[in-house]
Amino acid sequence: MKLKSLLVACAIAALSAGAAQAQVSVKIGVLNDRSGLYADISGEGSVIAARMAAEDFKAKEKGINVEIVSADHQNKPDVGSNIARQWYDNEGVDVIMDVPTSSVALAVNQITKDKNKIFINSGAASSDLTGPQCTPNTVHWTYDTVMLANGTGGAMVKAGGDTWFFLTADYAFGHALERDTTAVVVKNGGKVLGSVKTPFPGQDFSSFLLQAQASKAKVIGLANAGGDTINSIKQAGEFGITQAGQKLAGLLVFSSDVKALGLQTAQGLVLTESFYWDLNDQTREFSKRFAARNNGKMPTMVQAGVYAGLLHYLKAVEATKSKDTATIMAKMKEMPTDDPLFGKGTIRVDGRKMHDAYLFEVKKPSESKGEWDLYKLISTIPAEQAFRPLDQGNCPLVKKS
Amino acid sequence: MTTILGVPTAALFGQLLLGLINGSFYAILSLGLAVIFGLLNIINFTHGAQYMMGAFVAWMLLNWAGLGYWWALLIAPIAVGITGVILERNLISQLASNDKIRSLLFVISAILTFLLCYVGIGWSEGTSLAAALLVGAVFGAVWAHVARERISTAEGHVDHLYGLLLTFGLALIIQGLFRNAYGSSGLPYQIPRELTGGQNFGFMFMPNYRGWVVVASLVVCLATWFVIEKTRLGAYLRAATENPTLTQAFGINVPRLVTITYGFGVGLAALAGVLAAPIYSVNPNMGADLIIVVFAVVVIGGMGSILGSIVTGFGLGLIEGLTKVFYPEASSTVIFIIMAIVLLIKPAGLFGRAA
Amino acid sequence: MAEAALATRAPAAAGAALLSVRGLEAWYGESHVLHGISFDVGEGEVVTLLGRNGAGKTTTLKSIIGILQKRRGSIVFEGVETIRMPSRQIARLGIGYVPEERGIFSSLSVEENLFLPPQVRPGGLPVERIFELFPNLRERLSSQGTKLSGGEQQMLSIARILRTGARMLLLDEPTEGLAPVIVEQIGRTIAELKKQGFTIILVEQNFRFASTVADRHYVVEQGRVVDMILNSELDQNVDKLHAYLGV
């Protein structure tokens, strides 16, 4: 509901008992899709995650006032840009977080640089955020197209899927994902037999799936997201494509997509994420607290990234007792990251947050022990293998250093 | 292997068949729109939302009542059709009325009931919405009875624009409610066990379910055509479409006919939604994505033309299928290009009568 | 009041009034067209409304059948006040309406047109009887309604309300624009219907035709009934009538 979500402001730690101690006030803007395609993977859940970060950090006790605001960018770059400018110019927002949808993220990336504020992205996929378009003001936290390609793409090739055919959503994100996955496939000795650009958003993919089938490729790579991915996977099952031996590679699949497909349809699907609620005791503890506040829905990796990103930012604020952009960014990159959801890691000079990624397989209905028991872990991909090497991203910051 | 423009003929057949299947959805949906437009002179922008509601009701029936696909095929169109009837009675038909209190009463009582059920009692959005519509309908009906002496519905039609804006607004409200309740990524729905699997035709693998969709939609379209063109009820409908005033002067209850027709058109949309649930993503935006194409189909076929909407629905499905083979990037635009050409050459549409 | 006096002059032949109109006012949108029409029609009578173009004759018929919603006054049919009823209810009381433009539906075949109006009362003419009256229709049942000639359309328009059991017919200029042969045939039909006991209100410009079928004539001028002439006294009143009609 756009009206409701237009501006849901929440003041945390407004009346601090230790007011005398309060030295810094920071304002966090969570900008994401609250009504459309990506509302489930980011949306209100990301706002909840941000609030939990402020609470868990005990910001109030440490003398940091955290105020969190949120807005709906409707997946439109112009809408997102306007909100970002409004926030930075008039409302004193210091940090914008989340921002799924690559086109919006790239726009906010530029504005943040111009206004010299801080942008901690969790929701967007495009690896360009830490590539040609990298800025000193942006951290790309959770995942990117390279990680997805390395994870799912690399694993499929190694498992023998050495010939590929892509169904690519015909816009910037799909193209980037196909490009990065192609590179991984080729590097691992595989071959791309062809691809078809599908109009976005699409309903019926059967025609494209038949083309993929006719190519005789061992793997059909789905370089799309959300409803497109769900439709492709549903229809691939219907047309007996997976039964006939071809494998589907869902390059960007979130747990919410798996829920929407149902295990019956999604079982066996291999996918890459950097967070899953059921990874370890720490993630389980957080996720259960989170679900209690989010209508019983477990956090997605995007929401987890918002939590962890804000936690790290607050640590930098605490350490520097400042909210000067350059000071904080330097501190965030200098200080190793450590949080319950992504474990230990670092932020590279190009803004890339480095952490392990995980290759999961969707469970069979018979293996699932509960509504949210969706994945089994196949392998852990170390951060250095998951993400693009620093020197290959054409990030101007890297050349300078 | 023989090829046409570099595409094997066998593959081409496969793609044509797929086009026909998509055409089935276009046909059912545009048929519903055409029926509604013919009689109400309203472009029903809520159609996409009602298609979505059909799919969601199927999901609800399965998960709340344990009723499977075949029951859904029967119940969902009726249930969604009833909501359509309530909206038509209390809002759409009131556009032409001199008494706005009924609409106002309907809206206010529905909103209050929704808040009471949803916030107060804590029912789910779906149940609260149903309760709100029913209570609103009761208030509306009571008022209509109390004030029946004063109310007159102006003869003739109101400007298209009002109906369009009203139904568009309703669509946004419905989609928003469903998104709030069920999220944006959608819900799972399986193909019924009887229709899993498929036939291998040699040139392609034809899932049984798709075959069923084509047959079902052909039957529904032809039955609708038959009822409208060949029966007494259909004659009433056509007469009321052509000259509602005179039809009314013969003692035929035209307002009721209008309501039934709207309910039927909405039911068709819901039926398409149930048919789509096992193969398309069931999410609150599923109708919004599809409906724009369907509007183009209706425009090409000729506003209000029954046969036109059926033939163009299937025909454009085929053309779209071919485009997906030869130039996939254009497959979502080809229908609109055809629409532009048709509008230039024959503004009333291929099967439409000139106004 | 002159009007009341005119209206209450008892119908010549028949008994109590079947239809009684009092002080009928009606509007098209904002324009006030009828300013208090009053007249009575007795059971089994054929009554015409005569008057110049725009005098309010057609409007009077439309008000009786209820097509014109903005109306005031009183219209009592068989003891039932209909002034607030929608047209579909009035039709159900047993009033059949033949509009001036004939109202044949182009999207319906002749047969469908014929069977369109629902039966409102028992005792409508059987189809066979209708085909006897209008033999042309039988051969053209499957044609599109508007493919008929003007005369055939007029016959169809009358034929379809004979089926319904309506005992009172409102005929709006049934002879307009038709060839003399057809006019004669319609005249015979009306006479035949009268013989069968139908009550008919006929709007006519052609008072020669009217004089061959009607019992009485009401003269309408500027939305009021200004005179009533018995058909038997028509000869004495020809000059007066010419003055009214501006012939």
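Here are a few things to note about the model shown:
In this document, chain identifiers A, B and C correspond to the written order of the chains, with residue numbering beginning at 1 in each.
FYI, contacts are C-beta pairs under 8 Å (C-beta built on N, C-alpha and C of every residue); 3 or more make two chains touch, one makes a residue touch a chain.
Computed from a predicted structure; not experimentally measured.
No other two chains have as many C-beta pairs in contact as A-B.
Note: the chain lying farthest from chain B is C, by mean C-alpha position. Chain geometry summary: the mean Cα position of chain A and that of chain C are 77 Å apart. Centre-to-centre separation between chain A and chain B, using Cα means, comes to 36 Å. With centres taken as mean Cα positions, chain C sits 43 Å from chain B.
Within the complex formed with chain B, the chain A residues making contact are 1-2, 33, 35-41, 43, 170, 196-199, 201-204, 206-208, 210-211, 214, 226-227, 230-231, 234-235, 238-240, 244, 254, 256-257, 259-262, 264-265, 297. On chain B, the positions that touch chain A within their shared complex are 8, 11, 14-15, 18-19, 21-22, 176, 179-180, 183-191, 197-198, 204-205, 207, 209-210, 278-283, 285-286, 289-290, 321, 324-325, 328-329, 331-333. Interface residues of chain B facing chain C in the complex, by the touch rule stated above, are 149, 152, 154-155, 232, 235-236, 238-239, 241-243, 245-254. Chain C makes touch with chain B in their complex at residues 65-67, 69-70, 84, 86-92, 97, 99, 103, 105-108, 112, 115-118, 120, 161, 164.
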